[in-house]
Amino acid sequence: MQRVGVFVCWCGSNIAATVDVEKVAEVLAKEPGVVFSTNYQYMCSQAGQEMIQESIRKYNLTGVVICSCSPRMHENTFRKTCEKAGLNPYMVEIANIREQCSWIHKDKDTATEKAIILGRAAIAKVHLNAPLTAGTSPVKKRALVIGGGIAGIQTALDIADAGFDVDIVEKEPTIGGKMTQIDKTFPTLDCAACILTPKMVDAAQNERIHIYSYSEVSSVRGFVGNFKVTIKKKARFVDETKCTGCGLCTEKCPQKKVPNLFNLGLDNRRAIYIPFAQAVPKVATIDADYCTMLKSGKCGVCSKVCTAGAIDYQQKDAFIEQEYGAIVVATGFNPIKLDKYDEFAYSQSPDVVTSLEFERLMNAAGPTGGTLLRPSDGQHPHTIVFVQCVGSRCDDSKGKPYCSKICCMYTAKHAMLCREKYPDTDVYVFYIDVRTPGKNFDEFYRRAVEEYGVHYVKGMVGKVVPENGKLKVQASDLIGNQQLHIDADMVVLAAAIEPDKSARPLATMLTASMDTNDFFTEAHPKLRPVESPTAGIFLSGACQGPKDIPETVAQASAAAAKVIGLLNKDHLICNPCTATPDEMMCNGCSSCEKVCPYGAITYIDKEFRGPNRTTLIRRVAQVNPAVCQGCGACTVACPSGAMDLKGFSNKQIMAEVDAICR
Amino acid sequence: MTYSYFPGCTLKTKGKDLDIWGRASAEALGFTLEELPDWQCCGAVYPMARDEIATKLSSVRALMAAGEKGQALVTLCSACHHVIKRVNNDLRTDEAIRDKVARYLKLETPYAGETDVLHYLEVLRDKIGFDKLKEKVVNPLTGRKIGAYYGCMLLRPAQEMGFDDPENPTILEDFIRAIGAEPVIYARRNECCGGYCTIKDKGFATKQVDAIMDNAKACGAEELITACPLCLYNLKENATEGLPVAYFTELLAEALGVKEAAK
Amino acid sequence: MIDTIKRISGVNPRKCMKCGKCTASCPAFDRMQFHPHQFVDMVENGRIDELMNSEGIDFCLSCFACVERCPRNVEPAKVIEAVRLAVIRQQGGAHLTPDEIPALLDDELPQQAITAAFRKYRK
Amino acid sequence: MPVNEEFKPTIVAFCCNWCSYAGADLSGTNRLQYPANVKIIRIPCSCRLNPMFILRAFQRGADGVILCGCHPGDCHYTTGNYYARRRMTLLFSMLDFLGIERERTRVEWVSAAEGAKFAATMNEFSATIHKLGPNRRLEDLRCRKD
């Protein structure tokens, strides 16, 4: 029989307001094996922890039950507390009487009764706990960053700076991401390329960074400290080691009618291309969907003009295996498709554009060389209407339920730049709210209104009608209580942003959780914002939620710091709650081996002593505790009941069941 | 294929053309419209009030009559289509309405929206197929530039109607292509014509219709087609300087070569 | 009365985020004293009498543009319909009487228009 | 069957540590109420649930048992919830054979972000058990106190 101590926490009034903590402590004191029971205001505080340690020593406790908040919150805290007092940390059980009791019930009697039952279950379990010792596993000192936008680049640079090797996997032919397409950045209006491209070069030149461009992660196995990743290098039909990036092929290629995705299809490029002049790596790529040579075997112009002999039409996808200690997800975002919002006539007129397309139209390296011209007729627009919140802040059935966060600011930027470059344009911004929380953000927006004369109208556009070369915009002005009819030359839609489509399958590979909008979930929304709940997976940038550039960079560096902290360790403490077979009961059937997702179970032939001094060799299961993650699938698959899980044994769970149903 | 057919009040009087050419074309295309024997007027507007049951009953009776024959219910008039489809949707999704209706009509098993409601155009698109229709055309309307006027009733609210993209529909354009003419896409084809407000305020309908006509003309349309008698009326009677307007069934009958015989 | 409107319409005006897209879409804007977003707001704040006595509630065309385009699925048309019904369900609240009809007819006006008007304008 | 006013069902909820237990915590954090007769047992993964535990619960007087795990495809251990799903399907047919109402056992996928779904599921499940009344079929009478 264990000597159990019970500690009931008030959590200030969080628990004590709805649970009679004194009564709980009193009733639980009468449970078998309980030698000490008390309650205290903040059990997790210094004083509370000291009280627990003192009681362990004073009453010779062999098991501790803490009735407090969720074990997801403070289980580790209390385990460490008890360990310091000489108790095995796995002799601690938590009864969750806050999240799963006091916070969800209003009636004090009911909540108290439930708290007592939860306490009993924990006591019943702790009686069957056994001291556990965690093993260790080595840490592979190399990190993988998935996504080579500004988030991925920053994370990689910081990790490399700390002296660790890091690989960037980028699905496009160049790193740089969305920021390469942006013209100017708010609120300082410095040019995006001027601040981004040096970082891209830094990444390329850093000896510790390896860039896999035009590549994807195709499988992930293993666990924190020991991930085994397969990277698929897609065939680009150009030998990266030979290509000098001279660009001659991209001028000579006869296939001229390929939509230029870097300019969002606003102009055309060739079938062999380098996305933009500052691309890293500066290597050509053949677009297999359009290349005549690859499709019909007739052409070969690029191969003829390439003096480096880099063109390789036979190139195949290549697969690379690599081991990593940590993985950072930096898959970023995309603007949503706008076909569901055709009241704005996006698919009916080329002069209705998204904000990202507008960025390209304003960009000196864009299709118009930086002069703002209407896509339909190449004329200067004189009246421009910006529409905010297109697809953001919607009911689930109508779009994205969240605020995309960056649109208010970039629209203010667009409006301001239009007025600055072309003072003869009338610029209207239709908004629901202007959201500018950020350093110098609201000042920026006010400048757009006061100094640059942008017409901010509280209201929404209801319909855009292309007619006779104009866009007839019908909108509401809620403060003026009128319906506005504006003959505009261009309409710019601030489309909601969503996580990149590659994120969902990646999350499945990484077993990292996502929310309903496909943003990666952080381990704790406030206290662990750059870690995924899955150990060893870290989050950087907009894959976790909408973010602007400064926030992305901040999170990228934070994720890097977490990775560095992990890679600095030589060994990781493993989870001691692993499966363990009872060799005497094991009949060697292999059922457990088949269900183990980690390959942690193997079979060995072992000699056993039989009756009358005979020996016999039997085939029995063996679990590698460094690999076992403790899911318990094998325990249920085992037909003879030989397999059990430490910390969640059959007996322990049944004791809990009995205590609850008693 | 045989469908139950709900013509509606207007198609028996002022909107006979929509009906006659629709039936003649159906015959030519190889499907049968079986008029429900005792249909009652649908009420022309969908009863939005959640506390009104009586106004939904005529639709329910028609739906159940079609259901008993195991047929889908086809309509031609877009108002009837709107009302019947939405009432059907109510019965399908709203338990309270379903129960009330069942008690009102003394039904042993409540009607839960089992019958499919199809617009004639949906039959052409989803059951016949515009490709098949194209093959049956004997008299292609080559060279005619036709603007489709959808109006409100067929499209909105899209979540309930499920007819087509409510802001950029294509079904009538595909239809126009199938009968050999050239569709003209213009943005106001789903803006309201003024509806029943024409009774009290012709000027209002004129304002609406003129905007629609200007937009259609600017985009190059030379004539308009519609599926709604009230839209047809407003477009014809209340336009300051309008384009010719016809029911889509008229052009269908013309293309199939059954127009004259039907009259 | 707020509850009556909420009951008839089944609309929760609290879902509205005051973007004004309904009013931007409304074809009958000019004919109405209060506009769709105001309807939703006034029901939320209990200003029902004002609404019932306002000009132009009969001008809602039930074209459902506001319903279709509302980002929050508020369905303003249902609110307007509920207010209109609250008016015509009162004694003498009808907006159209049978003896007015003949003067309004012309040869081509479809039955549909008369039926619709009767449904919309009187008990 | 008339609802017994006095009937306070005992409901055991097995929640996987990664999704559903966190979802239950979230419904607490958001103060979403569900009946107090639902008691949660934390297990590492839904695949840790031995169907025997459910039978044990019924034997000891539970009136309903619910298993909550990660959504299919989202299992922290990649495939655990698929095993759980298959095992539970078998258990359902066994419960049918034993004559225990199938509605007394349920499997739900609740993610760590679905606090509202967790509370709603528990409310609904508890209402179902209320309708079914006390579980007498499998209860081991030797375990009863009264």
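To keep things simple, chains are lettered A, B, C and D as they appear, and every chain counts its residues starting from 1.
The rule is simple: a residue touches a chain if its C-beta (ideal position, glycine included) is under 8 Å from a C-beta of that chain, and two chains touch if they have at least 3 such contacts.
The structure displayed is predicted, hence computed values, not measured ones.
C-beta contact counts were set side by side for A-B and A-D; A-D has more. With centres taken as mean Cα positions, chain D sits 48 Å from chain C. The distance from the centre of chain A to the centre of chain D, with each centre set as the mean of the Cα atoms, comes to 30 Å. Spacing of chain B relative to chain C, judged by their CA centroids, is 24 angstrom. Annotation for chain C: residues 65 touch two or more other chains. Touching two or more other chains at once are residues 343, 397, 463 of chain A. Pairwise chain contacts in this structure: A-B, A-C, A-D, B-C.
Listing the residues of chain A that touch chain B in their complex gives 339, 341-343, 345, 347-348, 397, 463-468.
Interface of chain A with chain D (complex): residues 70-72, 96, 98-101, 103-107, 110-111, 113-114, 117-118, 121, 507-508, 511, 513-516, 521, 533-534, 577, 595, 597, 629-633, 635-637, 645, 648, 650, 653-654, 656-658, 660-662. Note for the complex: chain C touches chain B at residues 7-10, 27-28, 31, 58-59, 61-65, 67-68, 75, 77-78, 81-82, 85, 96, 104, 106, 108-117, 119-120. Chain contact summary for the complex, chain B toward chain C: residues 8-10, 13-15, 41, 43-52, 55, 77, 79, 152, 155-158, 166-167, 191-192, 194-201, 204, 208, 229-230, 232-233, 236-237. Chain contact summary for the complex, chain D toward chain A: residues 10, 12, 17-19, 21-22, 24-29, 31-34, 36, 39-45, 47-53, 56-57, 60-62, 70, 73-80, 83, 87, 111-113, 119.
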